[in-house]
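Presented below are the structures under discussion, each in the form of structure tokens.
Across the two complexes that follow, subunit A remains constant while its partner is subunit B and subsequently subunit C.
Up next, the complex of A and B:
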């Protein structure tokens, strides 16, 4: 567990540096067990920062979500660094963004958090519904301890842990300037059993399954917007002339949207699971992403977001690349 | 007519009777509850808290074709909403019905929207009182609503244990009661009294609140306040808060073309999307999420009450529950009050 005092002291030092513009971290949410992103602009604000298993958001998304307005006449662009707190999975988003040359390494200052796993907030809220007063979640051994309304409840880690954490290979950040705790060993390997189960199903079963899921989609684009790898300046979905994707919300367009999205993330998705977490209608998007992830690993022995020096998989060609699956 | 009641044993039969209309009821799909067209009473899921998506789309569809144009034909084929037929939305929550009453004002304002108003004319709203507030983030009572509110409803059902108390308030509601005369029985005045007590008890369990007095007048003065930067910093710019809002009603109109056929379509739009205000020149008067968040709050809490004398928020709590980054409208409003 990250020592909150150490976190705040480090954050205070970092945000006091002349070459740092802002620090993106976590602070307590507005109700219950929620935590939310914090945008620290000065040393006085560092005192509200936290890191707990409730800190589910992947803050790497904010590096590429930044809105750059034209610089006014007579002003200079602000080129100071953005400091960002990342867990292991989140750090892979930074690595992948840099593999893709989204920005240079010296633009960011990374505070790495060796992560012992975050909760699935939906599971927490199903187990402890209607908690308004701010509660806290801590990990003690193999149990989450939830403190709220003056009481404490213990729950086995397994029961509230986010699914992505159960197969996490990289709990310790792969890129950082400062590590806020000692390294964490990987807790499990990914056996892809869920993907294999889906692969075994008959095509018509798979279609019926996805048709039902996609028919619920309302195209709020929260899965796109939260994704640290969806950062095209001009997204094909927002284009009106020519219009590549109709705005009509129906099973045909919804399917086209989700399939295109999954393809655009092949060899790029780092499995932070944010798309599935934010979906208001519970579409299991990671099942699609994980199929691509598995294929990419098997075909090219490549894992996205693991090494800044790796060239992006689908923009490079190697003569030894497999091609036996190409017709 | 005396107050009526519907035994829970007869609910399936009553829903079966209503299937002769276009019956819309809550249904469960995985853990998501959405309103949908029901052809079989067994599909209805009435033991729900609140639906993820409000039932507004049955008056204001997410996508609707206004007219079609066929290659080689000079005629336009116009949509005929009448063909959708008599519709019953069964089991919606009082906040969502009140939201429809609020949005009605907009669609009947400077121009009578024929599509929306026709659907509303064809639709009977059968509400389901909230015995318990469905969410920790419910705050309907701060905005003039109630878990037992009747505004916008034709009929309100109250779960009394073995049966539902059935109270009809409008001609449409009374007409529907007649349709269900074989399933309904006479209730008692005692039931009504008990329901009033239950309403007070439920209202007492609403835990979040905001004093909106003076907020509509104050918001314009806070245009350049630094609070907008702070409350929007975490915003991802997605459409959850607006698409899931029962009072959000913005739409876009686009032409879509497919194999010799063109369609002029109207679809939900969101002020949180970057292209919502993009001009043809490329200029965007709301260039960042800060301006968009400010607009969302101003529209609901200042512009709408300025025009229609009612705040365009019913306190259903969906935008709070489902925001991926915990942007909380009550947190924003508290900052507005304190500013």
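Up next, the complex of A and C:
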């Protein structure tokens, strides 16, 4: 676990630097066990920063999603660095963004958090519903300790841990300027058993399964908006000329939306799982993304977001590339 | 011209090719009902003069501004009809082809369904035609100079032709001398001309021609730009010998402490050389080269008190302080003539090449029979790896001539097991030639040839093959399975497939007629020029029949074996073809470039560079622009380089790069028209 004092001290130092414009980290939420993103603009704001297993958000998204307001005539754009706190999984989003030339490495300052796993907030809230006061979650050994309303509850780590953490290959950030704790060994390798299970199902079964899931979609676009890889200036799915998909919420357009998005993430998704986490109607989007992830790894021996030097998968071609799946 | 579309639809019968399956009359009636269609007609052959005249007349009389030709593939006649409508005064890009031949009548049998499909295809084309935009055909100036990569016979011939026509030529050769594989050969089939006698004058010519800048021992490092304006960077590797001072006397080579210690590449390892060497006496330029991989002074930093070659050189040409030189220049066209590698016989372990001294490749044997080669043209039994005689006094038994020589054809050709399905086209005839030379030089030796088929297809080939057989060369049809040693003889195990008799053939020497392979360093040129390869991995021409010397990159041409196996006359013919093709843009001074290029919406481009990596023509680069005060990178297309392949448009996640005439808003309605109604 990251020592919160060390975290705040480091943050204070970083935000005091002249070449740093802002620092993106976490601070406590307003109710329940939630934590929320913090945008620290000065050293006096660093004191409220935290890192706990409740810090689920992937802050890498903010680097690319920050709106760049027009620079006033006679003024210069503020090109100072943005500092960002990342867990292992989040750091891969930074790597992938840099592979895609979203920004240069020297534009950001990375505070790496060797991560011992975060909770699945849905699991927490199912277990402890309707907590309106602010509580806290900490990891102690193999148990999460939840303090709220003056009481303490302990739950086995396994029970509340997010699924993505159970198969995390990279708990220690792959890119950082400063590491806030000692490195963490990977917990387990990804055996793709969940994907394989899906693959085994008959086509009609799969269709029925996804038809039900997609029919729930309200097209709030949260999945797209939170995704660290969805940062086009102008999403092709929003266009009217030509209109790739209608705005109407129905099974045909919903399906087209989700499948298009999954294809746009093939070879790019770094499995932070944010899309699924924020979905208000619980569509298991990572099941789609993980199928692509597995295919990409098996077919091209490629893992997105692991090496800044890698050219993006879909912009490369090798004569030896497999093509036996092409009809 | 961009006003309300007035479309003419022209449906071709193509004799019975289309009309035999598709009810053309019905398609015409249907086309007349489509929006903005002013006229729809049919004709037996739209591409004929009267067919084209129909279109021209309608444009003039009815004021058509878009034309749909429903006929064959656009690859076939799109250029034809573009010219037709341009002649009638409308932009050539206001043409849309509806392919109802290859994609309809030829692949369907049911006339009713085929007619329905033809209607859909025509409708989709009409929908697209309504959205077509006029495009400008741009022209660029052409630098009147040519880069030729590789100075074998193909590169030499192309260089001489272009230089004689008055254009500047930069001839770049990787090895220390020009001449390529042809310089290694003794005689050439079927006329038995001495290879050196016909080649060396040309080698000297390229060195002396005022329009040719010859760069030997040099490699092309970078190629940028496009047809008419290529930017070239060449590395002239240092020879550690001052080219201006070296007289080619050879004192240095004699003085070298390591003289005769290393296999001479030019002699395929049959002959030896020292660390400073001339590949062969007629080498051009006749300048010595220090081999930096073996030279004691360069590898160990020390060569006795001082390097002997340096001491021996009276001209003071040997200079170990010399460095590589980088030369940059501009050319308008490029000819690739990089040649081939011979098949690596070790990949056929059953033939024991590299195991037994007297299993040779045909090129080694070629050096052996060459009068100026390491054995002085004598066919002798080899003792490989034997140290050079130390003392003059030591008596060494002179090597004897083989009593029998056996050739095996198709080693590494027509052989799926090594991945080469193709015929190398020269082995049958060079084997016959070598067999003849054995008859000539070792008349007592018995000569046997194992073959699969004898392909004597060229001018004078069959006659030569007959002559060699009459000389007593024994041809056995069968592909040997194994070579092994028995006593001091080699045994070739095979089956005579004409009589179905298994046989064990005893011989002194086996010559493997190895095939021609793409060069192992082919990749370097592919990366430089974005060339395509055919399935045999030789460089691919733009069209196998009609554009055999062009490549998919404008201004880049192929000559010689780098495009596929061929003999000397074919390589020379192709070199002359490539030279002539390269001279067309140089002579006209200007070329038209593709109009259906890609275009970037800089307002939405996020600068990820997918398109930059993907572009096979290096036509796209990322440039910094100012977006409301912020510096951002966006893609920008060099329209002179873009060939309109559309790879970028397919990859762009935000649809920010689009190909002209194939923009999303033009294609989507077209797809819709084809879909379920």
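Note that in this section the second predicted complex is superposed on the first by the 327 of 327 C-alpha atoms of A that agree within 3 Å, B and C clash if a C-alpha of one lies under 4 Å from a C-alpha of the other, contacts with A are read in each partner's own complex, and residues count from 1 in each chain.
Just so we're on the same page, a contact is a pair of C-beta atoms (placed from the backbone, for glycine too) under 8 Å apart; a residue touches a chain by one contact, two chains touch by 3 or more.
Fair warning: this is a prediction, and the values are worked out from it, not measured in the lab.
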item	value
Fit or clash - subunit C, subunit B, common subunit A	fit
First (subunit B), second (subunit C), both or neither touched by A:234	second
Which of subunit B and subunit C A:314 touches, first, second, both or neither	second
Which superposed partner A:151 touches (first subunit B, second subunit C, both, neither)	neither
Touched partner set for A:264, first subunit B, second subunit C, both or neither	second
Partner chain(s) touched by A:222 [first = subunit B, second = subunit C, both, neither]	first
Dominant contact partner of subunit A by residue count, subunit C or subunit B	B
First, second, both or neither for A:212, with subunit B first and subunit C second	first
Partner chain in contact with A:100 - subunit B first, subunit C second, else both or neither	second
Minimum distance between Cα atoms of subunit B and subunit C in the superposition (Å)	5
Subunit B and subunit C footprints on subunit A, overlapping residues	69, 243
Interface residues, subunit C side, partner subunit A - complex	533, 603-614, 622, 627-631, 633, 651, 653-656, 664-665, 668-669
Interfacial residue positions of subunit A with respect to subunit B in the complex	29-32, 34-37, 39, 57, 61-62, 65, 67, 69, 129-132, 212, 216, 218-222, 224-226, 238, 240, 243, 246-250, 274, 277-278, 280-282
Residues of subunit A defined as touching subunit C within the complex	68-72, 75, 77, 79, 100-102, 231-236, 239, 241-244, 264, 311-312, 314-317, 319
Residue ranges of subunit B touching subunit A (in the complex, touch as defined)	29-32, 34, 52-53, 62-63, 135-137, 207-208, 230, 233-234, 236-240, 243-244, 252, 254, 256, 265, 267-268, 270, 273-275, 287-289, 320, 322, 324-328, 330-331
